[in-house]
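By written order: A, B, C, D, E and F. Residues from 1 in each chain.
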Amino acid sequence: MVDRERNVYVVRRVHFSAAHRLWNPAFSDSENWAIFGQCNNPKGHGHNYTLEVTVRGRVDPETGFVVDLTKLKEIMTERIVSRVDHKHLNEDVDFLHGINPTAENLAIRFWDELKDHLPGGELHRVRVYESDQNFAEYLGMEGKP
Amino acid sequence: MVDRERNVYVVRRVHFSAAHRLWNPAFSDSENWAIFGQCNNPKGHGHNYTLEVTVRGRVDPETGFVVDLTKLKEIMTERIVSRVDHKHLNEDVDFLHGINPTAENLAIRFWDELKDHLPGGELHRVRVYESDQNFAEYLGMEGKP
Amino acid sequence: MVDRERNVYVVRRVHFSAAHRLWNPAFSDSENWAIFGQCNNPKGHGHNYTLEVTVRGRVDPETGFVVDLTKLKEIMTERIVSRVDHKHLNEDVDFLHGINPTAENLAIRFWDELKDHLPGGELHRVRVYESDQNFAEYLGMEGKP
Amino acid sequence: MVDRERNVYVVRRVHFSAAHRLWNPAFSDSENWAIFGQCNNPKGHGHNYTLEVTVRGRVDPETGFVVDLTKLKEIMTERIVSRVDHKHLNEDVDFLHGINPTAENLAIRFWDELKDHLPGGELHRVRVYESDQNFAEYLGMEGKP
Amino acid sequence: MVDRERNVYVVRRVHFSAAHRLWNPAFSDSENWAIFGQCNNPKGHGHNYTLEVTVRGRVDPETGFVVDLTKLKEIMTERIVSRVDHKHLNEDVDFLHGINPTAENLAIRFWDELKDHLPGGELHRVRVYESDQNFAEYLGMEGKP
Amino acid sequence: MVDRERNVYVVRRVHFSAAHRLWNPAFSDSENWAIFGQCNNPKGHGHNYTLEVTVRGRVDPETGFVVDLTKLKEIMTERIVSRVDHKHLNEDVDFLHGINPTAENLAIRFWDELKDHLPGGELHRVRVYESDQNFAEYLGMEGKP
């Protein structure tokens, strides 16, 4: 792990729109309604999501960058946004198959998709906003926010 | 029509989350993709929508209100939000059947649902935000913004 | 009235925080609760207000300004913000005495306070936000938004 | 304390409007004005507050939730919002008696009200926004943000 | 001019970052400082601008669109954003030569650049935000907001 | 270092507008364009920046403050905003000479300017937003967010 002294944290946000449905096929219909309420609507509902990624690292003295944010955005677009934007998260996204697409689970899966593909620095935090009013964040196995 | 002198305009916003798909069943698949692009994804996508309603009228000298905003919100919730929130707009909503659920068409239909049910004042404008970056507004047959 | 051809509209927002109580002393207590609900709490409640002022006029070819926004802000501060910020609107503000401080009434009174004191252009619209979710606007006796 | 490995953090925001006055009855009037400035206005002022609560925990593999956000919002509403919304924080709120209602003190008191009543997970952070420009946060006795 | 009955208005926002300096070379240095204040800093300052374009028209019954917002964004990008983003507005932009780049003048020039190039509908309004706190809008020679 | 138990964190945001150019004079022109892209535009571009400062400390039992936010804002204005607002960051600001004005470097330099001048508490974090979509934060030599 990177030595945390002298670290700077840089943050980039991108946006996508997607449909999803919260349910567990192992539950009965009435259990799904009891647990997930209106989020269990069979035809789905949707959100304007925001994906926020934080990278930590030392500042390169020649560029003044922890990481090139243009390249970071390209990776976020290639590995996440191009696969989830204008999609149905339960139906259309290979790396989300078999999970319930809550903000919590999205944060973990997005972390796994991004972790080894950064153009520099180290992945510190992935935050997924379903709206301005609620979001989830994941910091990896050792993560402390 | 109401005399517009001395009018005050009051505005209330509410939010809902829904899935939708842009397509016209009279078009071929390739036409639908050419016209609607990724918004034509068959399983749908979704948004956090904002519905903004503007009511105009004179200020009641006893209450200081054009319209009681609590009652206005109740009407907006009863006639719109309770029927579209956490729904699929193409599939689940009776008063949207047979239209393509663009922001433009939503604004017109929401206008029709609200126009004769206000608790006071006169409906001036209905605005539907799909996101912070795009929205549509309708002001009725004679509407000038 | 100014010829409206070639007009440009410029808008300035400022913020203030204040307490208020909605009630009418001519009503009984039960009438006040029935009409104003929790906004009638006797000790008051409060908001972060936004005052938004729109001025219309032709662009001065030498400065590129309709109105100097720094001077406009000074007038808004002097005539409104300095008198309402961190105040109780029912108790502390001379030009609001005797009215119920709804957003509608604030918009009209702020209009009256600003109308003849602009550093240029003509007052077009005064908008008062109680929150991101509701606001009122006034455009004067002939106002059309 | 919960093992922090594999934790996910979920965040919920709610809003309320309230009046308050900053002062210490043990100070003289001139001391109160010197320390609290315009926030010491005797009749009070007010804000649109945002209460943001962060809960940490492991993701339930059956639901995909750290905590049911609908239930979390209910607790936040029952234990905080219903007692402070449209109230005067110095006068009307039992669990705030005897403190100066700064954002700092609100964060600590809201933490105490919520800590043992969560529907799941563990309370991680309470943040209280007075406006978009300033806020306070509390993370408990061992809290590190 | 288009018949305004049954019109719907659609709005698209895009963002760009640019440097500018407010000054008039015909003024003396002291006049420039007196009129433009700190906006006259010789090396310039800058903003994150938002360009908001409103198009009015009837809704196409086959597509549900007033105008294809994807195409509208392409035009806005091609004719405005690609020429002003990450530029110095006084130095680098051909269609702004010889004007003082106030928000008022930008709104008029952007209108002229867009008016005859829309992919559908009719240009109704161009709004240029310098920040959340101030902006200018232009509605053409006959424009009434 | 301050005992972190019982700490509360208070946060204040201020805004400024500035021009900047990303480049390293030790690089060739083509290297500068390859690394910094459009941010290397020779005449510069600009942003509406937000500076967010977090101070940690114990709550004074007499005032309810960790730090007087009015005084904190004064320090932020005096030591940072008055020196960078409406300036060109590469040209006009003494304490930024010789660095590339990325958000990362601004965060570190602002930290150094503020660290020993707080009116109370201890500097915990400095965050610099270039826009809503990207920002950098610094927490000092031992900083853990």
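Just so it is clear, a residue touches a chain if its C-beta (ideal position, glycine included) is under 8 Å from a C-beta of that chain, and two chains touch if they have at least 3 such contacts.
Just so it is clear, the model here is predicted, and its values are computed rather than measured.
Considering the contact criterion stated above, the chains in touch with chain B and with chain C alike are E. Path length between chain A and chain F in the touching-chain graph (shortest route): 1.
Farthest from chain F, judged by the mean position of CA atoms in each chain, is B.
Ranked by separation of Cα centres from chain D, the top chain is E.
The geometric centre of chain C is 27 Å away from that of chain E, both derived from CA atoms. Averaged C-alpha coordinates put the centre of chain A at 34 Å from the centre of chain E. Each of residues 144-145 in chain E touches at least two other chains. Looking at which chains touch one another, you get A-B, A-D, A-F, B-C, B-E, C-D, C-E, D-F, E-F. Contact residues on chain D toward chain C in their complex (touch as defined above): 15, 17-20, 38-39, 41, 43-48, 85-88, 91-92, 130-131. The residues of chain D lying in touch with chain A in their complex are 4-14, 59, 62-66, 68-70, 124, 144-145.
For chain D in complex with chain F, the touching residues are 22, 24, 26-27, 35-37, 99-105, 107-108, 132-139, 141-145.
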